[in-house]
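Notes for the one structure printed next.
Note that the chains take the letters A, B, C and D in the order they are written out, and that residue 1 is the start of every chain.
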Amino acid sequence: MPDASPAKWHLAHTTWFFEQFLLARRPGYRPLHPEWNYLFNSYYQSLGSMHARPQRGLLSRPTLGEVLDYRQRIDERMLELLARDEVDAEFAALLALGLNHEQQHQELLLTDIKHLFSLNPLQPVFRERATAPGTGPPPGLRFLRGREGVAQIGHGEDGFAYDNETPRHRVLLYAHALANRAVTNAEYRAFIEDGGYRTPTLWLSDGWDAACAQAWQRPLYWGQDLQSEFTLAGVQTLDDAAPVCHVSFYEADAFARWAGARLPTESEWESAAQQRAVTGNFADGGTLRPRPATGECGEPLQLFGDVWEWTSSPYVAYPGFSPAAGAIGEYNGKFMCGQWVLRGGSCVTPAGHLRPSYRNFFKPDARWQFSGIRLAQDA
Amino acid sequence: MPDASPAKWHLAHTTWFFEQFLLARRPGYRPLHPEWNYLFNSYYQSLGSMHARPQRGLLSRPTLGEVLDYRQRIDERMLELLARDEVDAEFAALLALGLNHEQQHQELLLTDIKHLFSLNPLQPVFRERATAPGTGPPPGLRFLRGREGVAQIGHGEDGFAYDNETPRHRVLLYAHALANRAVTNAEYRAFIEDGGYRTPTLWLSDGWDAACAQAWQRPLYWGQDLQSEFTLAGVQTLDDAAPVCHVSFYEADAFARWAGARLPTESEWESAAQQRAVTGNFADGGTLRPRPATGECGEPLQLFGDVWEWTSSPYVAYPGFSPAAGAIGEYNGKFMCGQWVLRGGSCVTPAGHLRPSYRNFFKPDARWQFSGIRLAQDA
Amino acid sequence: MPDASPAKWHLAHTTWFFEQFLLARRPGYRPLHPEWNYLFNSYYQSLGSMHARPQRGLLSRPTLGEVLDYRQRIDERMLELLARDEVDAEFAALLALGLNHEQQHQELLLTDIKHLFSLNPLQPVFRERATAPGTGPPPGLRFLRGREGVAQIGHGEDGFAYDNETPRHRVLLYAHALANRAVTNAEYRAFIEDGGYRTPTLWLSDGWDAACAQAWQRPLYWGQDLQSEFTLAGVQTLDDAAPVCHVSFYEADAFARWAGARLPTESEWESAAQQRAVTGNFADGGTLRPRPATGECGEPLQLFGDVWEWTSSPYVAYPGFSPAAGAIGEYNGKFMCGQWVLRGGSCVTPAGHLRPSYRNFFKPDARWQFSGIRLAQDA
Amino acid sequence: MPDASPAKWHLAHTTWFFEQFLLARRPGYRPLHPEWNYLFNSYYQSLGSMHARPQRGLLSRPTLGEVLDYRQRIDERMLELLARDEVDAEFAALLALGLNHEQQHQELLLTDIKHLFSLNPLQPVFRERATAPGTGPPPGLRFLRGREGVAQIGHGEDGFAYDNETPRHRVLLYAHALANRAVTNAEYRAFIEDGGYRTPTLWLSDGWDAACAQAWQRPLYWGQDLQSEFTLAGVQTLDDAAPVCHVSFYEADAFARWAGARLPTESEWESAAQQRAVTGNFADGGTLRPRPATGECGEPLQLFGDVWEWTSSPYVAYPGFSPAAGAIGEYNGKFMCGQWVLRGGSCVTPAGHLRPSYRNFFKPDARWQFSGIRLAQDA
């Protein structure tokens, strides 16, 4: 899969990020491996040309040992620098960016490993799973009325955020309601059994083309029996009560149409999430798998963690957006085309990485992310 | 080019549209060529399967004579029906749709012929051109302040509109200004000469990939000398003062970034166009080529006609949108993904086809349409 | 299909051939349409660059009328020239080549029309067919012992031949036997019903890949019921006794392996054909469809006409071969790679076009030709 | 590159070969990892389905450690078995096949590593190279008259050979002469400088298409300056006197045409090699790079080692050929289509692996093999 990268590459790239954007800012800094720039630059055109993404898997050199050594030496240099207490505001901002960048790649690592292992006929286990906690059925599906009229979304002044979350700005919310929880595996199976994948009128035109071309019949890692799924703990029984995961935007959209609903806009989602504590089933919990919702059905559940939630919002710039200066400005802005916003993080997102204003984005046919569905309705 | 269709196909398809959606609604109607349904259905999944678009060029049968005969007989039946004065409101609405559909294909015919002829090494002339009217330089480029705050866009109650223009709804306009006219060929040439096509940081990431993959160096029909262009009148000298045409969304976006501006949102565009008369350089004028702006530089010029104007708005549903019932509902809604809105019509759009609320849409790499650029700015 | 060309192109190209290689040899000749050189040059690199083959279908100009006019005027000039009685030996040789070239395109025209019509959902009829002659079952399959030891093949001195049939040279024939007739539809159906298309060990590796990639289940124009076929007279009942047709080399080879036999070498074939009259079911008979063999089962039947017979011989140069001088030398030699020799002509080959030494050649996955199977065995 | 495999895969596959074809023949044998069959079966359809070749690079499991362990345990079992002295003739034949198979993969390993390293921007060194031996200019190019008339080629009775070298049979040799040595880098550079890569009339049609599509300008690993090349010792100065290497059949054929010569047939080559000792620059010498010819110019030099020599012979079955029984029969026969024979081994072939009758074969556009050119002429 051209979107996935090997673990060694992730490790080298995040290390390079610290070296390039933090260490190398100091006058006289001499890079450890100047020739690696080309290899481990992901997409920063300002910094020169780069290795083609699909060829990352061919890099048998540098070896894993060399990369681990590189990591250790850059870690040492970073610690040294931080110990000197010469950190100014700009440096601090870049450091925060570097750490958040690292967290993103921690999530990607798990996502890419799951994908790679799924292609391996041996179906390897990444991590054995503790006994599954007994859970009852999830709360029934209810639609909770959202705010209406002019509201504010986007990142305000305090704390770290990516540039694509700014500026904070007014939006107009129309009368609407959001589902109290994510769509479950059982609900999604009903869509399949009702012929969801055989009914073109439920789908966007591009979605139908993608579904036909790639022969989609069910979520990415489901077994043909619709009762099992491939997970980071190998093949497991599908949990009917857990959120459906690894569906594309096209599938989420078709499901919503079938259900007589729609996907939420990112404004609707953010306005619901603004007052909520950022807690949930994140990577640090160690389950690495979405879990059934628990709690009161009158409350919005699972906004954070479990699965990224596709919104109906194309990923575009907020009014007044301007990208950060320099190469860092290539982080987000140049991808504002052909992708859709997802919100809320997933069970492989590091805890502490999320915010209500956090905007993730993927192409509408992406399925290897831990992406699921929350429904919405006009009210 | 898989997006273009032969003239014979356009003719048969628009004829079929009247037969299928109007004549065939009457009880007992027997289609003239039931076996042609499969051939001339463009994309209505509700009506059954259809011939693959890229294979339309292979239909040596039915012959042109048979299609012309079909046209004549359907025309006769339509006239007969209209003469009977039994037209109810639903029929009238479908009739209006059929006529507007026909107008869209009239424009597509010219667009596709231009493309086909451009690929022919003989560079044929579609229509000899009358002597070009002498025009002075266009008015200087100025930015005109737009409306701010809550406004209304979308189609209201009177007259025909496509479902994608509805419902009329409130939007929030941020402080902004629109250019008084379209970007000219001379202005675009300056972008090229300044290295626009060699500077990745000016481009969206997907745009840069498209530009590299397709080796874009200039607008679609320009000669390598940047002084000539292929037109429906064959190769002609490029008019410096006329609007640049046949650029993709990616190029429009990169040009705007280079110019220190941005593209307008469709709300901004529509709010500016609402008070304006729908006049301009349309197909009926016979020029079939964009013309330099004339008029006062304090007024917005060329909003209608000349070139379709790319906006920064992805093509998505308006809040509360629901597609028309039945197969007609496939006309617009299912394409709301991966495309961008264009506004204002062009020199090959039939006069009378446009409205301020009219939304056209194409994929961001489309260049064979008569598409150009109007700049905008935050104010 | 990239290998097929429109009828208009065939007509213009064969006309151009006469103009380019015969008329234009005379000093002072002025071509009628110099700009058409680029369009109607098929593959003569020596004569300049040319229009890409798959784009031939896009040439809406010149129109059919212009091409017919071109044909008429070139015909007139040719007749004029011939009337002047100034024809030298070199001119006569080129004239023979031009006429043979024309015959090849007559065959290709029928082949390409059949293919184009087969893709048309209307399944048009090219020519209504006279009542099929009643035929009994074909003679039983027998293997007839061939010549052994050193023999001569290739074209000798008299009459026209392509350069690839020369020089006449000695070959070594091993003990072998040839089938008395072509493989029939009934015999081929038995192969299908025995799982021929599901048994990889019967196939060459590339053949199996092609069969899987293109989902081959039966000969090109057969219906799914294995009882009907698309012909130039539309869909017809399959004649069990007639030769199987429109199979690729890969299918011919797999069939032979299944039958415990092999395909003949071209030397074996030619040595058997050398003493035979060149008669058979050719295009001039008007059937345009292979017919069951009739005659004595102790004689080799159907060597000429009905179906081209795949041999086991890759298409390479004969020992001592040198291509004709000039552009004419591009006719054959440069294609001696990756193709296989077929022998004997088919039901769409013009009578009088064939010789025992005639070598046709196609890529091993080609199926749109009228190609069938004759078996051979080591003796 | 889809034709290359990772080192880990080569190791596991050759080990699996011994287990599958030797150990598993004994009643009651229990495979160590039955689930690995699918992964390490290269192309034996008789043994079940297999992992797609281009996906071999994605197998992060089993780990290298697991594969090395597998190797060790299979080695132990093989030694045990051999110690028991129960080896019958059939077993001995399979053992010889397994060892020869292993040698082939030893060569492929070096070939694939060179290719993988060449794609790595770091241009890693596989093995530092000892000081190059000083060599004078090679002997001048001369053509040595070959045998004429009926001769015998193919493997006779003694010793190991692959089935594709059998049966030994008579061939007819025409009057011809073979070059005394391989074409050198200097000679090939002259071809380039004379416009060889810009002259379509020198090329086979498919060859020209391949050269254009893949933008060939020089042999695979040459630098743009035509003075350096990538080797297993990293980038090195090109040795003018050494044989040109890493050219495709298409390039070899075009060079020969440019030189007024042709490539030898495999019969011509084998008849020249039959009386020669099988000595030369093989892998065991450790140079891993072709070396200039040394010796008398009246003798055929470099027939063995240095570079595989493309012949003009398509890879087809010898008269009377029948593949070995069972899965082993898939080793060679099913590839007899679309490939060309190469002869003589190269500087990465294990010494002792070659025979005069040895037939190697690759597709005509293959360049990653150590393949070069020997010229021939009609006499």
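The definition used in the following text is that contacts are C-beta pairs under 8 Å (C-beta built on N, C-alpha and C of every residue); 3 or more make two chains touch, one makes a residue touch a chain.
Only a predicted model underlies this, so the values are computations on that prediction, with no experimental measurement involved.
Of all chains in the assembly, none touches subunit A and also subunit B. Each chain's centre was taken as the mean of its CA atoms, and the one lying most distant from subunit C is A. Separating the centre of subunit A from that of subunit C, both taken as means of CA atoms, is a distance of 58 Å. Mean C-alpha position of subunit A lies 47 Å from that of subunit D. Among all residues of subunit B, none touch two or more other chains.
Pairwise, the chains that touch each other are A-B, A-D, B-C, C-D.
By the touch criterion stated above, subunit D contacts subunit A in their complex at residues 6, 35-36, 38-39, 51, 55, 57-62, 116-117, 119-122, 124. On subunit A, the positions that touch subunit B within their shared complex are 43, 45-46, 150, 169-172, 174, 200-201, 203-208, 250, 253, 312-314, 316-317, 319-320, 330, 334-338, 364, 378.
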